[in-house]
Amino acid sequence: MIDEAIDIYRKLVLIRRSEEAIRRWYGQDEMKTPMHMSMGEEAIPVGVCAALASTDQVMGTYRTHALYLAKTDDVDGFFAELYGRASSPLRGKCGSMHLSAPEHGMMGCSAIVASAVPVSTGLAFANRYQANGKLVAVFFGDGAVEGGVFWESLNFACLRQLPILLVCEDNGLAVHTLPETRHGYDSITQLVAGYRCDTWETDSTDAVVVRDLARRAIGRIREGKRPGFLRCRYYRYLEHVGINTDFDAGYRTEEGYREWLARDPVDLRRRLLLEQGVPEERLCRIEAVETERVRQAVEKAKAAEFCNQSALYEGVFAGA
Amino acid sequence: MIDEAIDIYRKLVLIRRSEEAIRRWYGQDEMKTPMHMSMGEEAIPVGVCAALASTDQVMGTYRTHALYLAKTDDVDGFFAELYGRASSPLRGKCGSMHLSAPEHGMMGCSAIVASAVPVSTGLAFANRYQANGKLVAVFFGDGAVEGGVFWESLNFACLRQLPILLVCEDNGLAVHTLPETRHGYDSITQLVAGYRCDTWETDSTDAVVVRDLARRAIGRIREGKRPGFLRCRYYRYLEHVGINTDFDAGYRTEEGYREWLARDPVDLRRRLLLEQGVPEERLCRIEAVETERVRQAVEKAKAAEFCNQSALYEGVFAGA
Amino acid sequence: MRKITFCEALNEALVEEMERDPSVFIYGIGVPDHKKIFGSTNHLLEKFGPDRCLDTPISEDAMTGVGLGAAINGLRPIHVHIRVDFLLLAMNQLANMASSCRYGFGGRRGAPLVIRAIVGRGWGQGFQHSKSMHAVMAHIPGLKVVLPTTPRDAKGLLIAAIRDDDPVLFFEHRWLYWQEAEVPEGSFVEPLGKGRILRKGSDLTIVATSWMNVEAVHAASILERRGVSIEIVDPRCLVPLDQAIIVESVKKTGRCLVADNDWVYCGFSAEVAALVSDACFGMLKGPVKRIGFAQTPCPTVRHLENAFYPNAETIVRTIERMLDLPEMDLSGERFFSHENRFKGPF
Amino acid sequence: MRKITFCEALNEALVEEMERDPSVFIYGIGVPDHKKIFGSTNHLLEKFGPDRCLDTPISEDAMTGVGLGAAINGLRPIHVHIRVDFLLLAMNQLANMASSCRYGFGGRRGAPLVIRAIVGRGWGQGFQHSKSMHAVMAHIPGLKVVLPTTPRDAKGLLIAAIRDDDPVLFFEHRWLYWQEAEVPEGSFVEPLGKGRILRKGSDLTIVATSWMNVEAVHAASILERRGVSIEIVDPRCLVPLDQAIIVESVKKTGRCLVADNDWVYCGFSAEVAALVSDACFGMLKGPVKRIGFAQTPCPTVRHLENAFYPNAETIVRTIERMLDLPEMDLSGERFFSHENRFKGPF
């Protein structure tokens, strides 16, 4: 139990340190890929992935650093791809927006809003067809529910009662646009509840709370044999894309940030573990280990080769 | 009051006679256009159009004979286009599936399911922009709600509180497919009610009942300044496309038909008018007049010329 | 050898592949209903059950994504569209997702997805039910594009498409469904990326797609009577394209007409003309010519529809001009018409 | 004359047209936010208010239909997409609806709709944020297609597009936004359907689109130093296309290279090559050549991205081969790079 909670903390640290490294090194212009940072949302993918089996599958969006690391724990692959090196299995073709690692159940990310939702529905369709017991969790922003394909996919998943968890990472922003400029309804969760599925909501920033809720949701998916929809609120710490804050841009205030920062997912979990009696040295050790993993991953990535120019033409079709 | 109800009956007769003429003459192979027949649904467009002002606007689907005639009363234009003659302002380019008459507020029909819904939303957007007081009613089948663009459009219409009435002509069929194979929810009206709009339902086959409900809906649109959604159930008498019945095809039974036929929109309205004391001769006169209008329209259409071959290239762009 | 129709050939391919490989399933609007997509999906529901032969909501965008996801997870979905035009609703999943799926996995995983789409024509299908779109798909790297003409190719190419490990768009012209010809029984593959010489000749090469091959064969037999020898190349696949078979034929004949079942402008006919003009530079006796749809939306009324579509007569007239021959009398000629078999509705 | 950037020119066109005609409005995702679509929608919210400058949900399909409906009812909507790729979500409304709108009204009504879409490139945009799609749109009858290159044309063509009575797709390459040049103040129109000679020359014609014109100008100046005289034709509009300006130029030079900012296969470069090879048959000194994107999805890492895109060097090397010249030493040459001004994120 407590070990699980500690491992959740470890993941949170890994993700935060990784993104801190991105902020530190991005200015060197070696990571030539648009960064949509996860800072602030870590509890959601970490919590949900903790509730998933390692063989379960996920898909995400362009804002996917936390999800990738939560699902794969593969910080070397992560930085290898951000630096575009041949040591990444994706060979630099994907960058930050299209991370994937199918061997870890990380089935890909799309930079077209909402477009991974139907694909994930298809993954779930196949898992049911193959009766392999695997579950799919697809992560998307609150903007994705504006795409018609979200509703088409939800309808099909509920019609066919597929084993899928739809995770709405709701930061109340689509780039800089607030929900009141985008939504002709009051509650997304209520709308979804009109379909044959179960819905859940939280605005906790504690990954353990998210995990427990995800477990309940997943339990229902497996027993109730119907999809689940989980809406998690969070605050996006940084600008939409890029490594900076943008509280001066006018569309939101720094106060909101401060409120959420007071229950920052990483700090909060640390505090709670200490309260539960975990010795601080144990946490410090974890922090040191993850920091070092990140440091080495960056170092390895920087030192790695680029793939040959001919790689451009490889992988368009099978065997070519 | 009674005059209005009688004019509604006249429209029903016009539509029914027109489609009977289609059934009679289609075998001659002169109307070379796929016919999606309205038989059974007449009360819906007739009722709704009776609640609209003549300057209000409508759009429909490929199943649009009833709507076209209800809105325009232009039986000559109708048959001219079905016969593809130069006397039709559409010049034969459109046929049964793409009827329009903007001068009557009949703004077009699309044979791509759901695709007229956003366009109608745009018509409503323009009407509000121009503050011309016009209302838009868009007609679509129960299949259209499966298209993501329906939900995108509904969201936008409710977000911007546009003057639009969404009319779902629900025959419980998409071609030959039943709702249980298509819908992952229990009630479409309840789903829509989650948006900032008003919803209404009926399964009446009496065009006057539909009109009265549409009037209430339209009243709310104008006063409440928010969109309305009206779901009307009906039974499709004929096959999906074509002039025949298909009760032997296996996907539905003739019983369902018999039940609905007992309250056929045309017969029912006639019966009710007689009950209300309208003399039968008056109705017979109307029937004779409309029958004759249809006969003449067919005759004129058959006698009319085709446009020049060069018309193929005309009307792709303005002034060309 | 026994003769069957193009439609029966498609159906055989589906039955045999679904028997062979349990990971193959078929779906789409109306796929299992009693009309069976003009008969091409006959027996599938009965033989393989509703889990492998399924109807869907009218949600082309999502259902394409569903096929993509299922394919990524190891199934071999066949998605059927009764009209090509409906693919336009799925362009995002096709061009932004499926096409780059393998590339985005660093080549390690792909999507063995087949999309069958029927090209509509006739009885006033009109501008929303008659598109072709093969050039648009071929333009996007990562999508394979197949257009069978003969019943034999319908079967062999569909089997190849199903076994292919990448997304394949498979375009079937509605009028080809009735074409009858010899087709081997049992399983065989026509490899993707190989063209076919439909007719040998020496004076001029016609490169034709889909239904236009039928018109080309007819035109060639008319022209033969006046001593003009036509070679017809059916590329069959646009991606991958068998450039060599086209270029070699034109090098031999010195002349080329491209007859595409699509609009000409920025279409496949432009690609062939560009390719041939380059590869056969200095060997051509005259410029490569192209025919295709009129550059307008497709009208419904018959006489305009007839003017919209090129046919054997258009081909004959174009070739006469290319060869500087006087117009022959075609008044006795019976051109293809579905007037008497292909009535309303579809 | 004062010099302004391409982006400022677009912005001027918008401000002036919205001032002139109250039926013009502009909308799209992020249009009124503080980033102002890279500055191109500056001042619009402030000057014309939220009813005429509006943000939307992420619903490209519906929002395109909304524009179409608004245009049918007499408004002149300008719909903005920060990436061309998002148009793929709206293909049904574009190709099945807007394109046939006027035709379907029997010519009596149309849809004066402008769709601005930005071609992304650089800093690892990758395969979902870098498409061009002008050839796909040009293939569909009923859509006009415009690709400005110079600041002057950005303004004059955008004004023409807004005043045009039919749907116009307006493609803006992200890198052009910083190009600076003389642009008249006040209202002026560059007519749709007229090409522009960007550079006069006698040895070879380059037909280039969008950003490729910048590369072509650079290549031409390099080649000039070794005595090769290049003429550059910017067609500016793909629909309607100014065929004459292309054909006349090639008739003069006898050689043609098409440099398109898009994939080559079944693209606009094929159309130009087909057209020129036909119209200039017998007058060409060598075959028409084409360059464009590698026929792959666009990768993100820089060295592959550089290999994916052609540039001035590719043009020089191709022309050397066309003219049978030895490769010149380009090591001292500084090719265009946004390395130092165009960093992450976009």
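In this document, chain identifiers A, B, C and D correspond to the written order of the chains, with residue numbering beginning at 1 in each.
Definition applied: a contact is a pair of C-beta atoms (placed from the backbone, for glycine too) under 8 Å apart; a residue touches a chain by one contact, two chains touch by 3 or more.
These numbers were taken from a predicted model, which means no experiment stands behind them.
Q: So if I look at the partners of subunit A and the partners of subunit D, which chains show up in both lists?
A: B, C
Q: Determine the set of chains touching subunit A that also touch subunit B.
A: For subunit A paired with subunit B, the chains in contact with each are C, D, in label order.
Q: Taking CA centroids for every chain, report which one is farthest away from subunit A.
A: B
Q: Compute the distance, rounded to whole Å, between the mean C-alpha positions of subunit B and subunit C.
A: Using C-alpha averages as centres, the distance is 36 Å.
Q: Would you mind pulling out the distance in Å between where the CA atoms of subunit C average out and where those of subunit D do?
A: Each chain's C-alpha centroid was found; their separation is 31 Å.
Q: With centres defined as the mean C-alpha position, give me the subunit B-subunit D separation in Å.
A: Averaging C-alpha atoms per chain gives centres 42 Å apart.
Q: If I count partner chains per residue in subunit C, which residues reach a count of at least 2?
A: 56-57, 59, 61-62, 85, 89, 92, 96, 103-104, 127-128, 141-142, 295-297, 299 - these are the residues of subunit C that touch more than one other chain.
Q: Would you pick out the residues of subunit B that each touch at least 2 other chains?
A: In subunit B, 91, 93-94, 98, 110, 112, 146-149, 152, 155-156, 159, 181-183, 316 touch at least two other chains.
Q: Provide the residue numbers of subunit D that touch subunit A in the complex, in ascending order.
A: Touching subunit A: residues 29-30, 33-35, 55-59, 61-62, 85-86, 89, 123-129, 294-297, 299-304, 307-308, 339, 343-346 of subunit D.
Q: Mind pulling up the subunit A residues that touch subunit B in the complex?
A: Its residues touching subunit B are 146-152, 154-160, 181-187, 190-191, 194-197.
Q: Going by the contact rule at the top, pick out the subunit B residues touching subunit D in the complex.
A: Interface residues on the subunit B side: 57, 88-91, 93-94, 98, 100, 102, 107-108, 110, 112, 115, 117-127, 129-130, 148-149, 152-153, 155-156, 159, 314-319.
Q: Show me the residue ranges of subunit C that touch subunit D in the complex, using the header's touch definition.
A: 61, 85, 88-89, 91-92, 95-96, 99-100, 103-104, 127-128, 131, 135-136, 138-142, 238-239, 263, 265-271, 273-274, 277-279, 281, 284, 286-290, 295-297, 299
Q: Where on subunit C is subunit A touching in the complex?
A: 25, 51, 56-57, 59, 61-75, 77, 92-93, 96-97, 101-110, 141-142, 144, 164-166
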